[in-house]
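Naming follows writing order (A, B, C, D and E), and every chain is counted from residue 1.
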Amino acid sequence: MTERVYTKEEWIRGLEGLREDYTLFVPVKDGDFHAFMPMNGEKVPDFDFQNTRLSPKSVIYPRSERLFEYILGNADPEANILKESSKDFSPRAIVGIRPCDAQAFQIVRRNFDNPEYRDPWWVRHFESTTLVGLGCNEPCSTCFCTAVGGGPFHEDGLDALVFDLGERYLIKGLTDKGEAFLAKMNGGKPADEAVLKAAEDLTASASQKITSSPPTDPLKGKKINDLFNAPFWEEVAFGCLNCGTCTYLCPTCWCFDVQDEVLGKEGDRIRNWDSCMFPLFTLHGSGHNPRDKKVQRVRQRFMHKLKYYVDKYDNGVQCSGCGRCVRYCPVNIDIRDVCERMNNY
Amino acid sequence: MLRYTEKIQETAKRLLQEKRVDAFIGYGKGSVPMMNQPLMVSDPDRVDRLYWDNFCGLNLCNYLTKRTDKVGIVANGCNSRNIVTHIIENQIKRDQLYIVGIPCEGMIDHRAVMRAVKQKEILDIQQNGKTFVVKGADFEETFEKEKFLQSNCAVCIHRNPVIYDELLGDLVEEQTGVSPYQDVEKVEAMDPEKKQGFFTRLISRCIRCYACRNACPLCYCPTCFVDESRPQWVGKSSDPTDTLTFHFLRAYHCAGRCTDCGACERVCPMGISMRQFTKKLNKDCQELFSWEAGLTLDQRPPLDVYRPDDYNDFIK
Amino acid sequence: MKGLLEHVGVEPGRLHFSWISSAEATKFVDVANTVAKEVKALGPARYFIKKRAEVA
Amino acid sequence: MSDWEAKITTFLCNWCSYGAADLAGVSRFQYPPNFRIIRVPCSARVSPKFVLAAFRHGADGVWVSG
Amino acid sequence: MENPYLPYPVRIDKITVETEDRNLKTFHFVFLNPEDEAKFAYTPGQFAELSIAGKGEIPIGIASSPTEKGFVAFTVNKVGLVSSYLHNMKEGDVMGIRGPLGNWYPWHEMEGKNVVIVGGGFAFTTLRSSIIYMIHPENRPRFKDITVVYGARTPGMLLYKDELAAWEQRDDIHMHITVDGTNDPDWKYNIGFVPTITEQKITSADNAIAIVCGPPIMIRFTQPVLEKLGFPPERIILSLEMRMKCGIGMCGRCNIGDKYVCKDGPVFSLAQLKEMPPEY
């Protein structure tokens, strides 16, 4: 395992040098908040941030993605037959991804990469991406990664992890992908004991700072139908506007919609993010809608994250504790509060 | 503004006990600073969850649409104007409502506060009349409320509720001398190409989560035009033209009905200022029809009626 | 409608409204000429046209 | 750009302007050929969606006439 | 990497109008690449996504049986954007099918048992597939008595009329065809709702498995009838419908509790459904 120390200037220079080998996605200040954007010489990476507004899931799983293309008509023998769109699967790296967001990819992976089917776009994008994490020295008050099996310096799901030690960065390679990334990067020197000790202390103190953590273990023992019929859903759902903010900002929400778009004789089949908050999500052709009411949709979202996923994969909840939905829900529906209610029911 | 909390609780308790209403809709204190939660209370013993402060910017009218029971609701200026619009548009009946009016002094823009503390994490906010104190892990700063109003509140000239059954507190003095349409005028002065650039940039961040549409009390159509598939008016991807079409038509559907309550901007997770669309229409309504939405129950909105003296210069 | 379209940057001369009775063939021709002239003067539209979706 | 011809989507009221257009045709009046006419039962049938749809499909101009 | 979203190109070979209201048509598809037919190996009860370039995809139960070679058939009701477009397509047109998807009727468990099939309306498609499959000479010995109750609103709304008549003639299958009502004086079969006919004609649940497929209202009333006859919930098999996009358990919309209708279903036993939230 490589452990190297970089000054902050060296680090940025090192990243610049990697631009030939990787498309680098780095946090950039964009208006009021940060976003992961390709490092292209114009945008200055800014690693002094709490977390990006949108999760980096869009690097691997874009908001809208062209899947197939085709031509229409009768003249061409190839007409009406779908062809896979060509895609760039060259190496990418997300530098500065928070451990919670990296863990989220592991959660989502169980959906997109399973023994029966593999989603060709998600899997190839994921496999070509190196995740270089940045530990959280100062977790937010809305963070609860420790409650869902993560932590501010959690290594699972990352290929390399960066510790911000004030003046310098310590970077640890964690997987082959991470080691390859480090091997290509210029600068830095091997880490000494003192630095490693500092990183350890930082890890311990950061975890201490996470105060809100509803336990998620009791969820497993509950019965789906009991929770489903619990009386608190009406109250939880009252304020909900049924907008897609929570699902679109969430790093672990993966639901999508497939749409065909045609212009003249050419068409595309496009995949867009979708949200279980929208009534259209489950509307049948017949007009029947099994989740017609707001309360059913809100219940679906929380049950999916905190119960169905738990039962289906037996691998924790479908939440990485990033706290985005807590902060940005316009009506302040707090997943921690819902989790407590489910625990106590 | 905090002083209203107790009064709201008392009023709600009384109304529920006297069975004047089946439920009472107000705000509850949120679990994170600067976020409040719309709340419905039907048990008189649980009114202590009701709350009021400078962050009650979400429009409660959303929760009135097509209700059949009797409800009490807190209403400041813009809430009350939307209640009027709802009544005119037959979304709820006047006699179902018990409106508890609250003279409003403007809501604080949480984004501006976050900007002022350089996006550092805010742990607590204390509101003391004209100032408020923001506390974080390693800082504490005092700000003047006046400078941090939501942009729609800063130019609001209808702070007092226009319709109510009971008023909590004294009416506040309305602002005068504000010029509400400065930003619209700035855009109007641009040439078409500049305008195109301005709006393309404005909505470039949009992720089509429809929070603006859903937070808008005017958007209650059973099927929104973006969801229609036959014909499909607008594509569902994040394509810029589709996004622009969505914002354009959403705004247009609010023409003559928008009360500039600011809910759309407040809820936008990407911080898009979509009032740039609706305000232009508000300005046109003001100039062409001398109309502001939601001020009276006796008149239908201008795009709803025909009058022989309607402006028609644009017709050849 | 026209107001907002112009506001977002569609040139004023692209959208026209008129009232013509069924007997006013000459007025129809006049207006048609004006409309065509104004639109031609603006050149081809580039804005607000749905092109192939700009997606990943 | 010399061979470019404007495409103008035109919504005409069945009872008014469509009649006028018809009469113009019958009377052999000359008018420009740029219009793609859509007959509507009343010009009030034209919703803002239609106008936008026309622009989205690449119309250079839209003319609504009652 | 194999792409589970890529449809196999097919040509429409034959279109049959099934019902008097012309809203149901059966489409026979032939694969453009013969090797795709082998890949599309299915079992009765499964469904596939019919994919039309420029319009989208719809999940439809497979109406043909794997014992019928050279084509696959689907019976489609005209309701939405894609199905309406499909109804206007002609023989010879090219489109796509993607599948087979989902699970199937529990053929292993049904071996050596009596099979009761209860169907209503246009949900009869995968049941047709099942019947053809079971009465194939190779498979027939695997099952004991086969009883079918099939109903529609009127005689004109029955699917596969010729085949129904042919099955009626056979002595290795008991057919009970019924309609809700008819003015036809020559109607020679039953009149009455499916649950009623089921109650009259099915006499025993001994060693029997029931497959029920039909509109929700029919299922709701048939269920107690079967239970009264003595069918335990694990031996009542239902096929569900849901809005789907991907058909492979990824897009997230067709779940009922922790089960996806597209991947874990569409076939569930009543016993399974009782453990799931009633959200369908």
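By our rule, a contact is a pair of C-beta atoms (placed from the backbone, for glycine too) under 8 Å apart; a residue touches a chain by one contact, two chains touch by 3 or more.
Everything quoted here is computed from the prediction, not taken from an experiment.
Traced through touching neighbours, the fewest hops from chain C to chain E number 2. Touching chain A and chain C at once are the following chains: B.
Taking the mean of C-alpha positions as each chain's centre, the chain lying farthest from the centre of chain C is E.
Taking the mean Cα position of each chain as its centre, E sits at the greatest distance from chain B.
Interface comparison, A-E versus B-C: the higher number of contacting C-beta pairs is recorded for A-E. Between chain B and chain D, the centres computed from C-alpha atoms are 39 Å apart. Taking the mean of the C-alpha atoms as each chain's centre, chain C and chain D sit 10 Å apart. Averaged Cα coordinates give chain B a centre that lies 51 Å from the centre of chain E. Each chain gets a centre from the mean of its Cα atoms; for chain A and chain B, those two points are 31 Å apart.
Residues of chain C found to touch two or more other chains are 1, 5, 10, 16-19, 31, 48-51, 53, 55.
Contact of a single residue of chain D with at least two other chains is seen at positions 48, 52, 56.
Shown for chain E are the residues in touch with two or more other chains, namely 80. Only residues 1-11, 16-19, 31, 34, 47-51, 53-55 of chain C touch chain B when the two sit together in their complex. For chain A in complex with chain E, the touching residues are 67-68, 70, 72, 79-82, 84, 111-112, 114, 116-120, 123-124, 224-225, 228-229, 254-260, 262, 267, 269, 274, 276, 281-286, 288, 290-291, 296, 300, 303-304, 307-309, 311-312.
Interface residues of chain D facing chain B in the complex, by the touch rule stated above, are 48-49, 52-53, 56. For chain B in complex with chain A, the touching residues are 30-32, 35-40, 58, 62-63, 111, 114-115, 119, 121, 123, 137, 205, 207-211, 213-215, 227, 235-239, 266-267, 269-271. Taken in their complex, chain C has these residues touching chain D: 1, 5, 10, 13-29, 31-33, 35-36, 38-40, 42-45, 48-50.
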